[in-house]
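Some structures to go through are shown next.
Next come two complexes built around chain A: one with chain B, the other with chain C.
What follows is the complex of A and B.
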């Protein structure tokens, strides 16, 4: 990477760091919304002295700025406190589930892109035909069917008809097929729309006419010139879409009893395991921030104007 | 041209769906006067008509012996009420924040911008889970949490519109004439951008409904016994292999509602663009709505 691009990425890195500190603050302040966490967390028979001791041990008797400084100091070291349910460090409990969630998310993204690129290209190249109409109809319908409904339908089809795939749990490739499909299909409508619009715009450009004029086949024009340029808005959209994808993963995990951090968080909520929820939110934000940085790097590779900016 | 006619027809279909759902929601007390929470435990899990049931319960009953059709009918009220309250409430906050940040700028813009970035770093469902984990699930809390999504969306759009408006030649002209800043905002700028804001908010309603159903599906939305489609879908999941209609029927209601509003939103956007251009005819250059990041 040229120096200007490095500078661009470094600036983004610094800013995303600031955002993460903000998330840590937000996650901490959230706890203050509940009336009295100590009261809520301990059994009702606990003596007032024990409640007081617990409060002091958690640092909740300190003034807010002190609490936040302590929390931030600990958060930087990866310490979000101890999980009330598991009795282990909260971050470790969450991190243990990250690979499963990440695998599902990436599978879903791959499925989504694999569906969206051919369909979006087809709709743009056959604009105004029945194929375009069908793809757009699919996009509208797909945007109206929530992942958890699609998931139930797939479970029903597989459980009654095919019986070939596991419908709940995790740990093998077969366990990834159904949830991956649901997460992927949920992300296609937006991708198709953006790609179609972006391709239509690119096909009006002079360099595409030049490419056709020098005798390239329509296939070569699409693959070598059009898609490459049309992908830039898709990357921008992904930055926004990754958060939606992760939201979807959390819900889909619940549908398929998939052992990721979404399922963990749902359990943590019913058990009022606040340290685990804090760590969960932070890890999710960390994922988003990291993805945004990776997409920034992708920009510098896709768009020569950013790469060469001085 | 073909595409335009196709869209037109799809839009009309969307209007039809929306009218049906809205009518059912309004007429729920007439259509199902017994209310959604009445059930006879002896009549639990009765099959629907198409699976050998009787017309007393056309879609059968749930595990508490409550009529499924009645619950779906009343559930439309819950869904629409939540969607409207969250979109309008969050939208108003977003409009005020966007106007202040985009028009007056400076430190307000700086602070609101950072807040928005921080919130955007947390996927919405996860943020909502954390909030509900702390404050507990209730109808009001669900509406407030969903408002968090629509304030952010509206804020980004309105701020972009305001920044663009500030640079317009006719605003500059008004300034040169010595007209006050506040008067320009109220008389010239707001009337120009409000129509597009309303359209943008309409497009966000289906998203709010899906979020709401998703959170209720996770058990973080409206607590029972209030009928809510997402919750009904989750409850039905336990009986998916045998009484699959318990899941599928509320799912259909949800899909039809979201589809209807989405189709209408798309149509209004297509129709609305020339209309907006007309309304903004004072402005020499109109930005495409799509350019403002959402």
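What follows is the complex of A and C.
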């Protein structure tokens, strides 16, 4: 790898570290601002002295900067403390849920792409026709319907009405279909619009005209030339979309009682399992930051012009 | 925490809660009444346990450590995994059944249990007096080796159940089958507390520690934990080592508890046969459940909601010098019983029951509701009479009413509509209230330290009236802002009374005082509402303690 690329990656890694520390700090402060955790965790009939003793035992009587420094020192070693609910290392508790959420997220992504590519291509190729209008209408609708509503509609129609799929839960491919659809549909509107715009731009290029001129069928032009080039902005959009995907998954997991990171986070928040909340936010932030980093690096490989610019 | 000041939905029921009674009456479809399996348990060999029962809970267990599980959802699982020394009858909470103890005797200075022999924990440890002693001392934060209180704060369990054991001075294993609990004073709340204390395997507990117990439960109960995937399911399998439990028999060989927090999803699972029993059906969804082909079972487990009033002119707000003139006026006004009574006459409880609770509730007439042992049916309701209430305020010196803030916990979103309705009713007699929402930690902290506003909303439920009396009603109680010498005397007297009938007489005096002195604006007692499949399950009945007991329930057919 050229030196400039190495420098670029190192700089990016440094930014990533700054972002993560910032996120950790915000979460730490926000949790402590929201309420006194000692008071929230103990029964209300606990005497003030006992609450004070508990607070000391947990280190929550220390000044905020000291608490944060201690937290950070442990966090860099992967130690986010022990889950209050499970009595196990918080990070391990969160990581245990990653496969389930990843499976759901990737299924959603696959569904989203599977819907967006044909529809986006259709809208671009039939620009201005009723088909274009219909696809764009679908995109608006998809963007407007919240996941928890769509999830319930799908449950009522497919699982309750048709009895075709399980209502909720995890553990089998059948259980993935409905939540996967909801996650996927949520990301299609953006994908369709990006793809449509990108295809329209690509179709104005010389190499497309060349392809048509050498006698390729419209289908071959689309598949071999246009889509490949039009896909680049779609990929960068996906990187942005990871955060939205992740937050969508949290809602969808709750609706479908799906045992992923989202369910864990919601439960941790209501149960004030501070170490788990912190570990979850850290993992989520790390995922987003890392995805962006990888994408940036990938760009430098794909498109040398970007490398030069940074 | 439960009786939390505002019991957060999460830990709501905690502790002791659970008071209850079957509300056969309350308007909805009655409980399906199969032959009470409890009375004829012990399946013969021809009808041995079979099938899988799936139960939808509204939340997952907080933990698998039974001494740190306070919600109805978690207690449902714990009840199947563990036994208690004695058990509370499912249908009558003043009736105690033998459990791991075959019999017991009570005296002012001690309770002595004769234990069942031949019972082993699922890891092979024998159950004996030492094991029982271990569990009791554990919730008391007492070191079983030295018998001394644990001093290191980091090692304390801080169980919510601890507060029930204040009268216990020591616990002795007299011999392997005799357990003696020595008392500094008699405490009427102790028997109910012991009847809800799961007994855990002591050697296992010592090996895995407090942290390990959060995921690895070992008890003597009718079921064993096969798998717990938090927030997904807990699968329980029949314990091959069964004994005849008076509290109920295990009639299925697998139980799956599924936490399904989204209520619409929970109902969909019920109507499609994915689960046979669903917990916590909102009252406005009851019709949908019936329409979907399942049965609604409504059950009065003596949970109630009210707005407590600062009646003793005390507390940090009143004495700190930081109170605004309006707050001081409110505190002054609320110290007068005529004013507190007027507030109770200004709220239209029947309208709340009909409009907000769809009939799944009862108007309160006192500090207790049907199902509480202290409830006194003879007490007449406060009339709903805003005109007279306004006149009483005028007579008390407040012709223009007054202003007051109401503390409401954000964890009590379930009663937000109710509090808003109360606010409107109070405004009609000139009492202008402002709702001050606080997150549960801040809310509880303010209440316990006396820094609350003049009014505060709560949802409460108690295993036994004693905790309620000690903490809420008695002057100087940690959460009490009310002081009356007669009330104090009765609260102490009922706690010390060993004879249940005489204790009841005293409790009824407490109940009468809650009406006459009105330390709170008592609102409604509300029911637990369950959905039960019409086919595929039989014998299930709600438990008076509010959790879902899977005993005596069959599947199939």
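Here are a few things to note about the model shown:
Just so we're on the same page, the second predicted complex is superposed on the first by the 271 of 310 C-alpha atoms of A that agree within 3 Å, B and C clash if a C-alpha of one lies under 4 Å from a C-alpha of the other, contacts with A are read in each partner's own complex, and residues count from 1 in each chain.
Assume a residue touches a chain if its C-beta (ideal position, glycine included) is under 8 Å from a C-beta of that chain, and two chains touch if they have at least 3 such contacts.
These figures come from a predicted structure and were not determined experimentally.
Overlay on chain A: chain B and chain C clash in the combined arrangement. By the document's definition of touching, both partners, chain B and chain C, reach A:156.
Look at A:124: by the touch rule set out above, it reaches neither chain B nor chain C. Contacts of A:259 after superposition: chain C is touched, whereas chain B is not reached.
In the superposed pair of complexes, A:270 makes contact with chain B and with chain C alike. Judged by the touch definition given at the top, the superposed model places A:56 against chain C, while chain B stays out of reach.
In the superposed model, A:133 makes contact with chain B only, not with chain C. With both structures placed on the common chain, the touch criterion links A:75 to neither chain B nor chain C. By the document's definition of touching, of the two partners only chain B reaches A:280; chain C does not. Aligning on the C-alpha atoms of chain A brings chain B into conflict with chain C at a single listed stretch, 238-246, out of 76-84, 238-246 or 274-282.
Residues 34, 148, 152, 155-156, 159-160, 254-255, 266, 270, 272 of chain A lie in contact with chain B in one complex and with chain C in the other.
The part of chain A that touches chain B in the complex is made up of residues 16, 18-20, 22-23, 25-27, 30-31, 33-34, 127-128, 132-133, 140-141, 143-149, 152-153, 155-156, 159-160, 197, 240, 243-244, 246-248, 250-251, 254-255, 265-266, 268-270, 272, 274, 277-278, 280-281, 284-285, 288-289. Here chain B touches chain A in the complex through residues 1-3, 6, 10, 114-115, 117-127, 129-135, 206, 210, 213-214, 217-220, 230, 233-234, 237, 240-241, 244, 247-248, 251, 254-255, 258-259, 262-263, 266, 290, 293-294, going by the rule given at the top.
Residue ranges on chain A touching chain C, taken from their complex, read 34-48, 50-51, 53-54, 56-57, 82, 85-88, 148, 152, 155-156, 159-160, 163, 166-171, 254-259, 263-264, 266-267, 270-272. Residues of chain C that touch chain A in their complex: 1-5, 10, 14-15, 59-60, 62-63, 65, 153-154, 156, 158, 160, 163, 210-215, 229-233, 258-262, 264-265, 268-269, 271-272, 274, 292, 439-442, 444-445, 447-449, 467, 471, 478-479.
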